[in-house]
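Below, chain A partners chain B and then partners chain C, in two separate complexes.
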Partner chain A sequence: MSRSWKLWVGGPVLAFLVLIPFLELQGGYLQTLGFLTFLYITMSTAWNILGGYAGQTSFGHATFYGLGAYTTCILTLRGIPALLTIPVAGMIASLYGLLWGYPCLRLRGQYFAIATIGVGEATRLLMLNLDDLIKNNSLLKGFLQKGVLTGGATGLMLPTPPDIQAYATAFYYGVMGLMFFALFVSWRVKNGKFGLGLFAINMDMDAAETVGVNTTRYKILALMLSAFLVGISGSIYAQYVFYIDPQTVFGFPMSIAMVLMPIIGGIGTLIGPVLGAVFYIVVQDRILTANLNLGLIKLSLSSLHLLVYGGLLVLIILFEPKGLLGVHHRFNIWWNKRKRRSLAATEKA
Partner chain B sequence: MIKLNKFFPSIFLFVLLSMIIPETGFAQGPKEIILGAALPLTGGQSREGGYVNKAYAMAIKEINEAGGIMVKEYGKRIPIKLIIYDDKSDNTTSVQLYEKLVTEDKVNVLMGGYGTPLITAHTIVAEKYRVPYVNGGGATGAIYQRGMKYIFCIISSIEKLSFTLMDWIAIQQNAGKVKRPLKIALVGENTSHGKEFRQGVLEKSKAAPDRFSVVMDEPFELNMKDADPLLQKVKAANADVFLADARLADYTTIHRRYTEMGLYHLIVSYGPRGPEKAARDALGPASDYIVSCNWWNKDIPTPATKAFADKYQKTYNEQAEWFAATAYEAFRVMVKAIEDAGTLDKPKIRDALAKMDMRNSLVVGGRVWFEPNGQINNDHLIMQNMPGGKVALIHPKDVATAEAIIPIPKKR
Partner chain C sequence: MAILLEGRKVSRNFGGLAALLNVNFQVRSGEIVGLIGPNGAGKTTLFRCITGVHPPTFGRILFKGEDISKLMPHHICVMGITNTHQVVKPFPEMTVLDNVRVGAFFGKGWVRGEVKDATQEALRVLEFTGLTSKANFLARNLTLPDRKRLEVARALATRPELLLLDEVVAGLNPTEVDRMIRLIQQLRESGITIFMVEHVMRAVLSVSDRLIVLNFGEKIAEGPPDEVARNPQVIEAYLGKNYASGKSHYA
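Here is the complex of A and B:
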């Protein structure tokens, strides 16, 4: 795509995204959908830094999302302004990444993936039971506020502002900014020395080490960077919905979503995670309320999105490992060939 | 040449008519009143969500058969339409669907789903868009302590449920049926529900140390596979009373093992669980004499309850459980609020809900009204399972159908 084309297409799209809250399209539902899409693009892009560039498949990224959300809620409920908690949430998630990344990233391939599942589930259970665990501990008791730190299964509720609508609009722009920041970070990583190191690790870890790449350090840095962005996403989500519980923010489905999106869109690329996230949200939204009317039987298709993603995943792994971007490239090649053939035919004639 | 002034009266009439006709069309009102809800029809809460779905379907059929809701502003009855989505028992999806209901489907009012986490999450949407919202399935008091104006609930809090249970035990002490102080073994599912229940029991115990002493307080994870470790602790606690808060599946698992281990307590309660047919069929005589405390029972001796229970049985060929009854009543409350408001203006419907005083209701006490926080504050009902699969209402006195058999007979 030439530069002018990018401007012609990108400009109006960006303007449209900026204007969505004012246009009140679909009664404002598009704003909600936009918020979720930006949030998922951020997480998908963040996961891609570790999973796509470095090739370290993590099934435990919901841990960072949950930690970000909980950090914000815990701090906000103790009087710290919500906006200030956003970078703190990112840092806590990042440090947690360092904590378990150091031992886990020594594992390779599927062993690392399995370990991340364990970490994710252990963190969720810890959050469920933390209040009860520290309730009787005289040293840690001070962290409780009215007997509550994480709220256990109840979760935590944030106080709602008087004008929730205006607040939601502000967060729409906030998460849009975060998405661009995540894309910028991903672009910088991809095109820098750090990215080269990650790609080398992805291709052959032993070879990367022999040419001087400190693989453990690179992988940990990628994990921390990825965790930072996902932690911020969690923080923003908590402030947008005003309520979190362990099952929602630490749940395995969230981790799976973060893996699925880049794979669907095109793993290891800059734009792939964006395409994957848009696809994920659109499919989920359309199927969520769809019904299949078979005369006597009316089937709700709401849970079918998992089948769609699952089926797509199988197809991608079997036929097009580069995801939607790969399909696009194939189409381009076919189109150019067709164009050349018709040109040749015209010249011949 | 045509003289234009000849046509002025006709043009004037045309303009006037064109101005009036849309007005007249508007005064006719909408073709239907749209209500919306996202229910957990699949996933972890699907069983309860299914009850709510059936209750809503029954209520809507009834109302439409009567011609719809009378809206004074339009001077006629308007049929209703309910849009239901499946939130898959997932908070994020639930929020998204409620947003969709308000913004895309343009619902007039919102009905609640089931389950504290889900209701906590989507009440935000109702409040954000200022759409009146009534539920009959989210009792946790914390939901209503957030200063929201558009959220209403027709079941009183879990904390109050545990207070009612403890007060009833105190009555048994006063009657000399059980000793004082009583040692209590307390367990509860690790959810907001269980937590609030345990908090209530602990609070009451602290307030009356001469009556109660909690010798064991333990949470447990949902969907338990093995109740042995928990029940070994209960056994070791050597308590007089066993109080638990559990869902249907866990209640069945725990109590089956409880019976197999030969445990005995003067009073046994699983909070709101106990009389459910599915559990009684599974447990047999082991479930006899269990005391439960909840929001509704088909044997409440009022015409409203009898009519609902009979109709539900006839429609679905199954016994009505409280989940269905409170959902059905929440629906009727919303309908009454629209009629009282006499308009589809959302703030006015909200005001009508805040001023609600509905009589001949299904709820305990027969009256629905709301505290300033939006939650009802009526009494709970205490029941005891009796031999032969029967259930006796034992508290409050005005609905009691039998005397409680306390302490529980040892040889069962």
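Here is the complex of A and C:
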């Protein structure tokens, strides 16, 4: 019953998503929105491997996103084919995860979360000032190209390809593939030995350790896997928009987005991060473009989406820790109860 | 019988407090050894030294002749020593079956196998510990006796050679105590060596081959249960004078 239901809804939705670039709805607007949604689903799913399965809340995932984006830009500007930089971006993000994950993951619970905030900000500031720092260093000066490595606050720009329409379409499918890959990884992790170990760590670290789970190694592996996927996302984002700067890719809002999406959708589940990411993008898109016209006062609501997420987060934590999936579950229970009651009523009559 | 576990002058300090001081002990394979002593004597600390949670400050612990005193807890588990926790620590949001599966997956003797195998092993252990009917319950919904059983089941799934039981009987009613004692005896029959901390005298005296008594971090007596129970030093330190004259409510 539920299987066929999934097929009937999932099939057409998938077909529609595949066909979006050909339909050219709203002048390619929907395609851009689709691209962003897939990208955010990938990141949300990746964050969920560490934050949801292993229960280690990271507010520093923008470091991986930014590092992926910067790796791609820096290498591409030095003549390396852009597609080759994608796995490199993932690996560098992953190694960076190992670098700060090893010390930070010794901390537990909220202390880990606080440390990751620091790591995120430190990385952003480092990227902002890296050029100035190495300008006078005889050893590191070689990395500069025309006096630029990360470009400071102005960021880096990539050359745009001639046929931008075809380019964008290729990326649309590319990132869709990446999303399915991330979901596959997440699914495999969830149902395998690795995921079981992560859940055990999430529930009780000491107990997990005494039944043979190498908690340190598992947490670091989860962080590195998560970082790899987010790094690739960053790389693809950079290639899609041709322009990056530390504020957009390393900014704290990016980290927050990655925390919010799985929590909104349903933390620690496979589908929750997907729902959360879709919700996040739709809300952001609707509100960013909305204007409130009160006759004399015209208000742009472009920052209001942050307020919406904040409010939502409070509600979720207070009332439904399992997010949208939890709401869905409650609705199901309520619906079944209602159905049973009406059935009983008709029988009586 | 071969010596399975040996402690040589095991000491553990917490700041200035010596929780354990030069404790020597031996556990032979196939034995049930009871570890008793008044509150704060260092029983749980000794267990934590063995499992690597709080490694000994001084002294060595040998498992089958190998020094394990500096290994991480998960490593020690994989070598074949598992403990249950005095304050039960189930994985609350996981089903009983999944709890046990963690042990089956990560414990000793898990060579690359299928998820199916671990599940089968877990089901076998649930059957053995009498939790089969609750396999799909969330661990947080279990009653205390069942949680204690789950502790044992999860530890058992790691296929230990030496099982450290930290007060698995405490807090159970008399019927449940009897069930737990039967389970412990079955464990020994299946070839597992048991080292247990216990306050409930009825349980520890009836199953142990040998008792080790700690007081203020030092070993004060060792020997067969009835002999230890008659030891004046033990009576003085732990059982109280009423026990000697047969007026105790423990017995």
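Keep in mind that, in the parts below, the second predicted complex is superposed on the first by the 347 of 349 C-alpha atoms of A that agree within 3 Å, B and C clash if a C-alpha of one lies under 4 Å from a C-alpha of the other, contacts with A are read in each partner's own complex, and residues count from 1 in each chain.
By definition in this document, contacts are C-beta pairs under 8 Å (C-beta built on N, C-alpha and C of every residue); 3 or more make two chains touch, one makes a residue touch a chain.
Predicted model, so just to flag it, every value in this text is computed and none were measured.
**Student:** In the superposed model on chain A, is it clash or fit for chain B and chain C?
**Tutor:** On the shared chain A, the partners fit.
**Student:** In the superposed arrangement, does A:Ser235 touch chain B (first), chain C (second), both or neither?
**Tutor:** In the superposed model, A:Ser235 contacts neither chain B nor chain C.
**Student:** Report for A:Ser94: first if it touches chain B alone, second if chain C alone, otherwise both or neither.
**Tutor:** In the superposed model, A:Ser94 contacts neither chain B nor chain C.
**Student:** Anyone got the angle at chain A's C-alpha centre between chain B and chain C, nearest 10 degrees?
**Tutor:** Rounded to the nearest ten degrees, it is 150.
**Student:** Please indicate which partner A:Thr45 is in contact with in the superposed arrangement: first for chain B, second for chain C, both, or neither.
**Tutor:** Neither chain B nor chain C is touched by A:Thr45.
**Student:** Considering only the touch criterion stated at the top, classify A:Leu128 as touching first (chain B), second (chain C), both, or neither.
**Tutor:** Once the two structures are laid over each other on A, A:Leu128 reaches chain B alone.
**Student:** Would you sort A:Leu288 into first (chain B), second (chain C), both or neither based on which partner it touches?
**Tutor:** A:Leu288: touches chain B, not chain C.
**Student:** Among the partners chain B and chain C, which is in contact with a greater number of residues of chain A?
**Tutor:** In the superposed model, B touches more residues of chain A.
**Student:** Is A:Met157 touching anything from chain B or chain C once the two structures are fitted on A? First, second, both or neither.
**Tutor:** First partner only.
**Student:** For A:Gln247, using the defined touch cut-off, is the partner it touches chain B, chain C, both, or neither? Pick first, second, both or neither.
**Tutor:** first
**Student:** In the superposition on the shared chain, how near does any CA atom of chain B get to one of chain C? Answer in angstrom.
**Tutor:** Checking C-alpha atoms only, chain B sits 39 Å from chain C at its nearest point.
**Student:** Sort out for me which residues of chain C touch chain A in the complex.
**Tutor:** So the residues of chain C in touch with chain A come to 51, 53, 72-75, 77-78, 82-83, 85, 89-94, 98, 101-103, 105-108, 115, 118, 154-155, 157-158.
**Student:** Under the touch definition given earlier, write down the residues of chain B that touch chain A in their complex.
**Tutor:** 41-42, 85-86, 88, 90-93, 95-97, 99-100, 102-104, 106, 116-117, 120-121, 124, 127-129, 140, 142, 146-148, 189-192, 194-196, 219, 221
**Student:** Name, in rising order, each residue of chain A that touches chain B in their complex.
**Tutor:** So the residues of chain A touching chain B come out as 26-29, 32, 36, 128-129, 132, 152-155, 157, 159-160, 164-165, 168, 241-243, 245, 247-248, 253, 284-285, 288-289, 300, 302-303.
**Student:** Once bound in the complex, which stretches of chain A touch chain C?
**Tutor:** These residues of chain A touch chain C: 191-193, 196-197, 199-200, 203-204, 206-215.
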